[in-house]
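Two complexes are shown next, each including chain A; its partner changes from chain B in the first to chain C in the second.
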Partner chain A sequence: MARKIKLRIWRGSAKEGSLHDVEVDANEGEVVLDVIHRVQATKINDLAVRWNCKAGKCGSCSMEINGKPRLACMTQMANFEEGETITITPLRAFPVIKDLVTDVSFNYQKAMEVPAFEPPADLKPGQARMAQVDVDRSQEFRKCIECFLCQDTCHVIRDHEENKKKFAGPRFFIRLAELDMHPLDILRNRKKTAQEEHGLGMCNITKCCTEVCPEHIRITDNAIIPMKERVVDVKYDPVRWLGSKIRRREEIS
Partner chain B sequence: MALTTGVFSSGRAELQERTLRTDRWWLQPLITVLVLLSFVVYATFRAFEGKNYFAEPLISPFYSPCLSTECVDGASLIGQPFGKIVLFGLTLSPALFILVFPLGFRLTCYYYRKAYYRSFWQSPPACAVAEPHKKYTGETRAPLILQNGHRWFFYIGLLFNILLTIDAVLAFRDAEKHWGHMSVGTLVLLANATLLWLYSASCHTCRHTIGGRLKNFSKHPVRYKAWTVVSKLNHYHPNFAWVSLFGVAFADLYVRLVAAGTITNFYFF
Partner chain C sequence: MSENQIPMERHNYDVVVIGAGGAGLRAAVEAREAGLRVAIICKSLFGKAHTVMAEGGIAASMGNVNSSDNWMVHFRDTMRGGKFLNNYRMAELHAKESPERVWELEVWGALFDRTGEGKISQRNFGGHEYPRLAHVGDRTGLELIRTMQQRIVALQQKDKRETGSFESHLKVFAECTITEILKDGDQVTGAYGYWRETGNEILFEAPAVILATGGIGKSFKVTSNSWEGTGDGHALALKAGGKLVDMEFVQFHPTGMVWPPSVRGLLVTESVRGDGGVLTNSEGKRFMFNYIPEVFKDKYADNEAEADRWYKDQANNRRPPELLPRDEVARAINSEVKAGRGSPHGGVYLDVSKRLPADEIKRRLPSMWHQFKELADVDITEQPMEVGPTCHYVMGGIEVEPDTAAAVGVTGLFAAGEVAGGMHGSNRLGGNSLSDLLVFGRRAGLGAVEYLKKNPNRKTVSTESIKRAQERIEKPFTRSGGENPYLIHQELQDLTQSLVGIIRTKNELTEAIEKISQFRSRIEKVSVTGGRQFNPGFHLSLDLENMLLVSECIAKAALTREESRGGHTRDDFPKMDPNWRQYNLICDWNGKSISTTKQKLPMMPNELLSLFDPHELEKYFTKDEMTQVMASAGSR
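Here is the complex of A and B:
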């Protein structure tokens, strides 16, 4: 059975914008993205919204719903109370292109800055072998759908535009961790550059990235903190540093 | 002055609100502040009190190991290397010689960092709630860069755990030091030591040291197995952090009440 829903949708551009009240029907079992599509079809035909799979796997429909970074396609209308006004805005960490669509190119820039996987030079195609226990750890990070909700909620850049130059963000910390934990990656100084160039030290582990991740990747516990500990190994632990000079250890590279 | 950075930067969605969250996002940081402040007030009072910390065979975890010549008879398990120190006319209590270590362990703990950065420093107060600070440098500069010393406090914390476990074992004696007895105090000290071990064993540094730092789990099956166990415990690290904090305070309070004669330490046998 359909029920009337009150929405406040942000409309505008990079220069100006405001919240607009809209009333629309919502059917049982629908998600926020369904309702936005109904608004588009019946009330505001030129409302801009980015979406694709409607299955929580493409990461396109990231937006803020009642102030929380969410995927619109994974947010059930049943979560909201009768008569509640639902406020929908674009991601507030990135510049607006139009209405609910933001420019997330910051993330693509940061992706390019992460040094790629570097296998041993003598490893021929088809020769690489990995045990399942080694695959499992980085497999969690491969679940990332690049919705950038973690980047959006991270206060380091959300609340401080000036930090964007020197901070890669949680999405790329899991990429760095994935590579650093890869048994066949031999790139040296990945830990040091994580700290010195990608801004790992800026993270104060307040775990908002983990809270908003729709794939439930334990970003802080399984990627950021392990990377912080690895950085301590090479930068802030004189005993480990000395050990690495005396005896080459496979894990300190 | 209104902030012009962050969510109020030009180019971002033009909105006046720091957050549009409609839930009670402020409740969690408020509870954290109240609980941690209560502990700090109680611990400070007890650390400076300098008495009612030992009632044979029970010793308060705030005063163990008791390393000062000011310690009461029987309270010093590993000697008294420190003499009497008077500052501003006040004799330093034995607790003040040691509390910096457990305090440092908790202060640099990855979980407590999250808790106090959010609740006390409001950086951020909650997810998607704009913080009030104009600048942010994280843990890249002094003093917060010292958070990278967590592992040293972890190692020292293990020594404390050993000593507090010995204290719990020694509590299987009666007031005349005869073995084979057990009291409510024994259970209190045992519970305290157990919770502290769980807190240490679930620590992120422990997880890293025991196996997390490896690139090849498959080449180190024993360390991998240990890592999986610590990883499971690590999931509950916040719970252990809180429960062990209450445990320490309760153990101290119990010993204080017994030492002051307010209650009697009931012996089961």
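Here is the complex of A and C:
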């Protein structure tokens, strides 16, 4: 049942590199990562690729497949036409280390710059009471597997190295939103700092990030837009929002 | 610096934690909060450790859903699940401390699913008497690891405010593999390894090292584990003079995906059964009713009507047999398939679509829905899944002191999480690993802190030990024309799968041990192509040795234990034997091969024994032991 497929894989180092054509078998039900592994085991033993879970849960196997940011372990070979050459390249927004592996340290740097969760000082373990509806919103953002596909696709940094300093990127906008909407977080001004320090203002709501998110997190609608609306606004359902913040205060004490 | 011209970095820390899963991160937090300088080392990027894949939940007797739950019930369930082979002290600490560890996560920002009252919700799981697993949909491991990761960052931010640098006292060395624990005499002096990215080498000088390297699944062909599960910590400890305990006990999770082949082994969370999924064979029969073992007869329903009622009324009905401990369910599925009643691709059916409405399935089991839709083209809200056993977890691991997590036999070495042994006995209950990571991760951190207080003098790393470590890393490059590491790995996996797998016999185990020794000479000749920079073939060539050591331990311990218990099933000794319950098997490495010795298990103290009905203990203990138990019960 195996069929031959043609891959064009980018190989190289930080300094130089080029696309290499390889032919390899693909079996029924396989994903792109399986085929890359076959190349690795049988043709190019030192082909560098990141992966861990092979189940779409860890966000390690991010790469560009026919130019689209994707998880290789969740991309079915069946999606491609018979005879089609599949082009596999590393994430473009980050510097290449080797082959399909890029230097994503930018993201870990940004993570350090987001002020941590801050619970009320007197919150005792086991005392928190939160309604499911009040945690739903932040839970959506906590589904993030840190694949950084959204970071890769965002045009603000994709081709603009110079913007990286001032722009945290969609992954960290949802982190900021998560904390802002977290019923137990007491740090004020998360919205304001998102604008002023993390570059939220540079986002022009193209929604490309939402489109590539493998976790289907609605990055733009549910995080970026509400964060941009600094003043209370109807779209944001302020009554419920305020309500949940206040209610939780009483319940904790 | 070194003869081979490979650059080597040198770092100095108080504590080096090897592993950035739940256990390693919890240990690091504890050590840092006590004021120590800590390095965290991991093979993957930060936040990608295996823990991220855990789905179902974390077991802790908070009693949020059923207030009858408490640590004593949890302790009993854990001991039953492990068939009373558990290190009782570890099981006790675990049951007592896990609620606090879960609540602490919440104080660090974790957002668990809630009950109607706004408390942390808890779900049913196999072997747990009450709903006990705190969870976030079916992505609990992600929540745990992200919370810990963010806790680390919070501590780094605090350091930044005080010292001007995020990484002055706590630093993560990601994509860095440790290949050697360095020692002077029997005392740890540090660890040695290489950066995956560059292939350059790195030396950590540290008086205390905590191993939190996770599992061994990659020694088997069908597994739910990621590539990291190569048993590195098990092997590092053995080679440093530590001991492994209970290595014959490997958990085959009953429900892995079986189709398509490329995802064979991928986990189907037990929550599917906890939330009402039933197992049927090709004849449409709910076969689990035929597989309830004697010891569990009074706890599990023997007919469908009662099993179904249990979902609504747990006080007056026995639980469905789908929720038996994992070893029982895995063996049952194996038998059904062997008897020709399997599904087309060699599994059985697991169906939740008839129990819950589609929306509810998607809400409670979102990643399962996603996984089957995307990878198998199956809609679990309408169709059954095909499932079969998959190598999931190793109960065996480094022998440790329960209270301090100190490795037996090596001063300055600690171990926590899946790499440590004893806690789960012969079989782990679902959800008891995530709690184990936190309880004993914290204890390992504390253990290291206390150890350093008592032993402030550091020994230096010797030049010879560095040289030995360097030579080992260099070896695969100095050979040419040797075998391809990927192919050897596949062969080794085939071997363990077929000869040391879920059902074992003397002949097959003997054959396996013989073949394993042949592998050793082949692995010594493996050569790699390409350079040092991010070269997975090179990485694998070093991991192979670890997988081989682990496989040898499993095979030898399995051959020695002539009974069936938990994650060890002998076709030629199908019964549980109370005489064997009195012993653990200990694996040692003498530089050439593994030897196993029997070690007597300590008797539970009275206050723990008294938590059980003597009639239950009778099923596990020998007559002599029972006389002892009854005598001390009488004297109470």
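We take it that the second predicted complex is superposed on the first by the 230 of 253 C-alpha atoms of A that agree within 3 Å, B and C clash if a C-alpha of one lies under 4 Å from a C-alpha of the other, contacts with A are read in each partner's own complex, and residues count from 1 in each chain.
Please note the rule applied: a contact is a pair of C-beta atoms (placed from the backbone, for glycine too) under 8 Å apart; a residue touches a chain by one contact, two chains touch by 3 or more.
Because the structure is a prediction, the values reported are computed rather than measured.
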item	value
Which of chain B and chain C A:Arg50 touches, first, second, both or neither	second
Chain B versus chain C as contact partner of A:Ile225, first or second or both or neither	first
Touched partner set for A:His182, first chain B, second chain C, both or neither	both
Partner chain in contact with A:Gly83 - chain B first, chain C second, else both or neither	neither
Partner chain(s) touched by A:Gly201 [first = chain B, second = chain C, both, neither]	first
Partner chain in contact with A:Glu30 - chain B first, chain C second, else both or neither	second
Contacts of A:Lys98 with chain B and chain C, given as first, second, both or neither	second
Chain B versus chain C as contact partner of A:Ala131, first or second or both or neither	both
Those residues of chain A which chain B touches in one complex and chain C touches in the other	130-131, 182, 185, 251
Residues of chain C touching chain A in the complex	44-48, 50, 52-53, 62, 99-100, 103-104, 106-109, 111, 113-114, 117-119, 136-137, 139, 142-143, 146, 150, 153-154, 156-157, 160, 166, 197, 226-228, 259-263, 266-267, 367, 370-371, 374-376, 484-487, 490, 528-531, 533-538
Residues of chain A that touch chain C when the two form their complex	13, 27-31, 34, 40-42, 45-60, 74, 76, 97-99, 101, 104, 108, 111-112, 115-117, 119, 123, 125-126, 128-132, 135, 138-139, 142-146, 179, 182, 184-185, 251
Of all residues in chain A, those that touch chain B in their complex	10, 12, 14, 16-19, 64, 66-69, 84, 87, 89-90, 92-96, 102, 130-131, 133-134, 137, 152-153, 155-156, 158-163, 180-183, 185, 199, 201-208, 211-212, 221, 225-226, 228-233, 235-237, 250-251, 253
Complex contacts: residues of chain B adjacent to chain A	5-7, 9-15, 19-23, 110, 113-114, 117-118, 123-124, 127-131, 133, 135-140, 144-145, 148-151, 204-205, 207-208, 212-218, 224, 234-235
